[in-house]
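Going in written order, the chains are labelled A, B and C, and every chain counts its residues from 1.
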Amino acid sequence: MVWTRRHILSLADFSQAEYDVVLQTASSFREVLSRRTKKVPTLQGQVVANLFFESSTRTRSSFELAAKRLSADTINFAAGTSSLSKGETILDTAKTYLAMGTDMMVIRHKEAGVPQAIAAEMDRLGVRVGVLNAGDGQHEHPSQALLDLFTICTLLDSEQPTLSLLEGKKIAIVGDILHSRVARSNIWSLTASGAEVHLAAPPTLLPKWFAEYVTDSDNQSAAKPRQLFLHWALDPALEDADFVMTLRLQKERMTSHLLPSLREYHQQFGITRDRLKRCKPEVKVLHPGPVNRGVEISSDLMDDPQFSLISQQVTSGVAVRMALLYLMGGGKVA
Amino acid sequence: MVWTRRHILSLADFSQAEYDVVLQTASSFREVLSRRTKKVPTLQGQVVANLFFESSTRTRSSFELAAKRLSADTINFAAGTSSLSKGETILDTAKTYLAMGTDMMVIRHKEAGVPQAIAAEMDRLGVRVGVLNAGDGQHEHPSQALLDLFTICTLLDSEQPTLSLLEGKKIAIVGDILHSRVARSNIWSLTASGAEVHLAAPPTLLPKWFAEYVTDSDNQSAAKPRQLFLHWALDPALEDADFVMTLRLQKERMTSHLLPSLREYHQQFGITRDRLKRCKPEVKVLHPGPVNRGVEISSDLMDDPQFSLISQQVTSGVAVRMALLYLMGGGKVA
Amino acid sequence: MVWTRRHILSLADFSQAEYDVVLQTASSFREVLSRRTKKVPTLQGQVVANLFFESSTRTRSSFELAAKRLSADTINFAAGTSSLSKGETILDTAKTYLAMGTDMMVIRHKEAGVPQAIAAEMDRLGVRVGVLNAGDGQHEHPSQALLDLFTICTLLDSEQPTLSLLEGKKIAIVGDILHSRVARSNIWSLTASGAEVHLAAPPTLLPKWFAEYVTDSDNQSAAKPRQLFLHWALDPALEDADFVMTLRLQKERMTSHLLPSLREYHQQFGITRDRLKRCKPEVKVLHPGPVNRGVEISSDLMDDPQFSLISQQVTSGVAVRMALLYLMGGGKVA
């Protein structure tokens, strides 16, 4: 297979072959990261611009480390001290970084669609610059979903992680589905694998129309029918689940009257050791971080390596982002 | 010719030979930037400190990329989180970076004269550290004027850009002349070339005394008499112009009652496709960025590659700043 | 001797042999810094994370340069834009950087004990990541005390700086002892050397119990009894002193009613050329910076190379921090 996708903006139209190439490339980079000298010269002399219009520490650091380990030069754009406050449009900012010689742009913005608009502009200009969506509003966060996928698949087969390993597995996604770009991207990848995906949230955070999110799509990237199930309570989602993905709860949701209190949320949808008894015995828990301990997940469970994959997710993040930058930069598919 | 200038603070006393060395050195670096591996080992192991006492994204990124492509290590000083707020003087901050082993300092400050004061202190201490003025108040911004010059000269001769190519050309500089360090530096370089420089602005932004800005100087760096003309209307400046440089309009000018409104400013001094008809047919438009679309320049004109050199200016910026750091660092003149 | 200390958190239990290894390793790196190419490949491919929960320019830049000169990749965590504001605990932030592949963490926090807590967590997890305390509240700042020590010892013997060179010397530490982590770390190292350490401050900034700070300790790292003396006036501390260390005065101390005014403080405890006459003729003055000129020290004295070691301290800082990162990273002891 040859990698032909210049931009990584959404997982809605990712093919099974593309998922597998990402998983296998990340797998080879994970090996690099276990060495003492965690660096390869792949992107030497190329420039990766991290344009984080919405501030972020964790994701920006992960991309920055991924780029540095590929020996790329990185340039960081810090929202707040930017030309934006001087009245420049976002597209003009992106074109400025293009003109400076940027080879790849990693973009986060609080509004959905910004990375797509920048990618379209790059294509219109006929330049070979790749754009990676590092989170756009409540829309998508593809690199997070790919690192979640890589974390799960390497657990199932550490040597040959492939999408098909998830076929028939039951995966619960719990929490603020409505506002979560992480959930949206994960729904695309997990349903594409043939897994059963069960969403669980209070009705205010999981509207009925969500059922049509993937099933209504005429997209052909999933080989099998996509299986998505909605629950307004936690237990049915957990029943015999192989994996439980919890989502970060923004505290702003309380002030906007979508939730009564953190305590009540934890009582109804927080993941605890006790609640996990409904799942398969070998169940694992994921969380994209940063975690509100005692809200989305009980503190002791988060620290229990028997159940928690949270630390592996962070490590996977660097390997997967190295793989994405490598593939966008024209690296050969293994 | 041998490059002997340690600091680059102002273009007031730049010689024709110095302009030509910068243009030719930048030209060779522009070739480096067109390669896939945009990096040379020239400044390996040297440290470039970007001391931006006034915050900036665009210029700081340009210098940072230039330094990295010369393989220098960079260290960034972020105004706001600095020791300044702890009562340290600016000279003491600069001396701290000197003592840490900085080889070159790139300095921006909202007050005119700060880079000069730091350069004088370095000389007094007898250290071989070069200081580059990246914008001091309303005084000068030499690297911006040099990148403008490089952009124009490479357009006129892409292989051998030299200052003399501008002789007899008519160049209009339009906008907030009074407050613009970009205009001041450009006036020195463009008049030194033998071009006719026409300034156009409302009287509040172009006081009469500006006529003496270069003509009154006893400076001998210009081989011919400097030709500077003032206009309080746009049309006479545009008449048969070869190049039009627009300047960024700070929105603060309105609140300080120097201008009635952005709309009125655009009607009188904004550059549009229609207005350009007064110029030479092959006229080109420059802007230092960030642009207020629809104020200094109409949005469609800004995006029209037939007229706009704005993107080339940004690219030139990296090549010119590589050349300046290279020459300050003792690199051989080509 | 073999270096066995994984974390550098406090100087309370540093042995004479450890001080000497740091001094000798820093001495060899100081030589590297005097070359044109100030870089060695020692930590290539390793990642140093600067986690500055309390903002800092000077110390962060010094560590960043030290890491870059050892060819490490650096990743900076900026307080304010961090996940902390999203409710994540400090330990979880540190574990995130661990999971990304950090090899060493340099940590500053406004609360005492944070680097220790992170180091304990790393040990509990069984990972080989070193933690360096870059300043924790009013507790310790070991790298500052080690660079002060290196500055003094290289003055006494530029080729073979060792702790024993300080034996019998009289060293005055003047200023806000109560709130100073720099003073606390220096008291451990200087008393361990066999020097006489004299503290001088107004009673509000030097409580009586401070006399027990080191003398009461059952710590065996000092070969000889530790000699610490307290003075509520400046002159007895300066009498025949070999070195005078002034401490930065936080202006907040005035608003909290610990001092009447900066002017009165300077009159009573400010170091001036005149007051230095009580010291040994070859006395030298140190200050950790940033300096309030005319408060802790008179402006002319600060700039007088006959007396001031302030600039040398900054240079020593990079060499000492290179040594510490090198030793923590498993570098061989010279």
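General remarks:
Throughout what follows, a residue touches a chain if its C-beta (ideal position, glycine included) is under 8 Å from a C-beta of that chain, and two chains touch if they have at least 3 such contacts.
Since we're looking at a predicted model, the values are computed, not measured.
At the interface between chain A and chain B, two copies of one sequence, fewer than half of the residue numbers in use are shared by both copies.
The copies chain A and chain C differ by a rotation of 120 degrees on their C-alpha atoms, rounded to the nearest 5. With centres defined as mean CA coordinates, chain B is found 42 Å away from chain A.
Annotation for chain C: residues 78 touch two or more other chains. Put simply, chain C touches chain A in their complex at residues 44-47, 73, 75, 77-78, 81-83, 86-89, 92-93, 95-101. Interface residues of chain B, counted against chain A in their complex, comprise 33, 35-39, 55-58, 61-62, 64-65, 68-69, 78, 80, 248, 251, 289-293, 311-315, 317-318.
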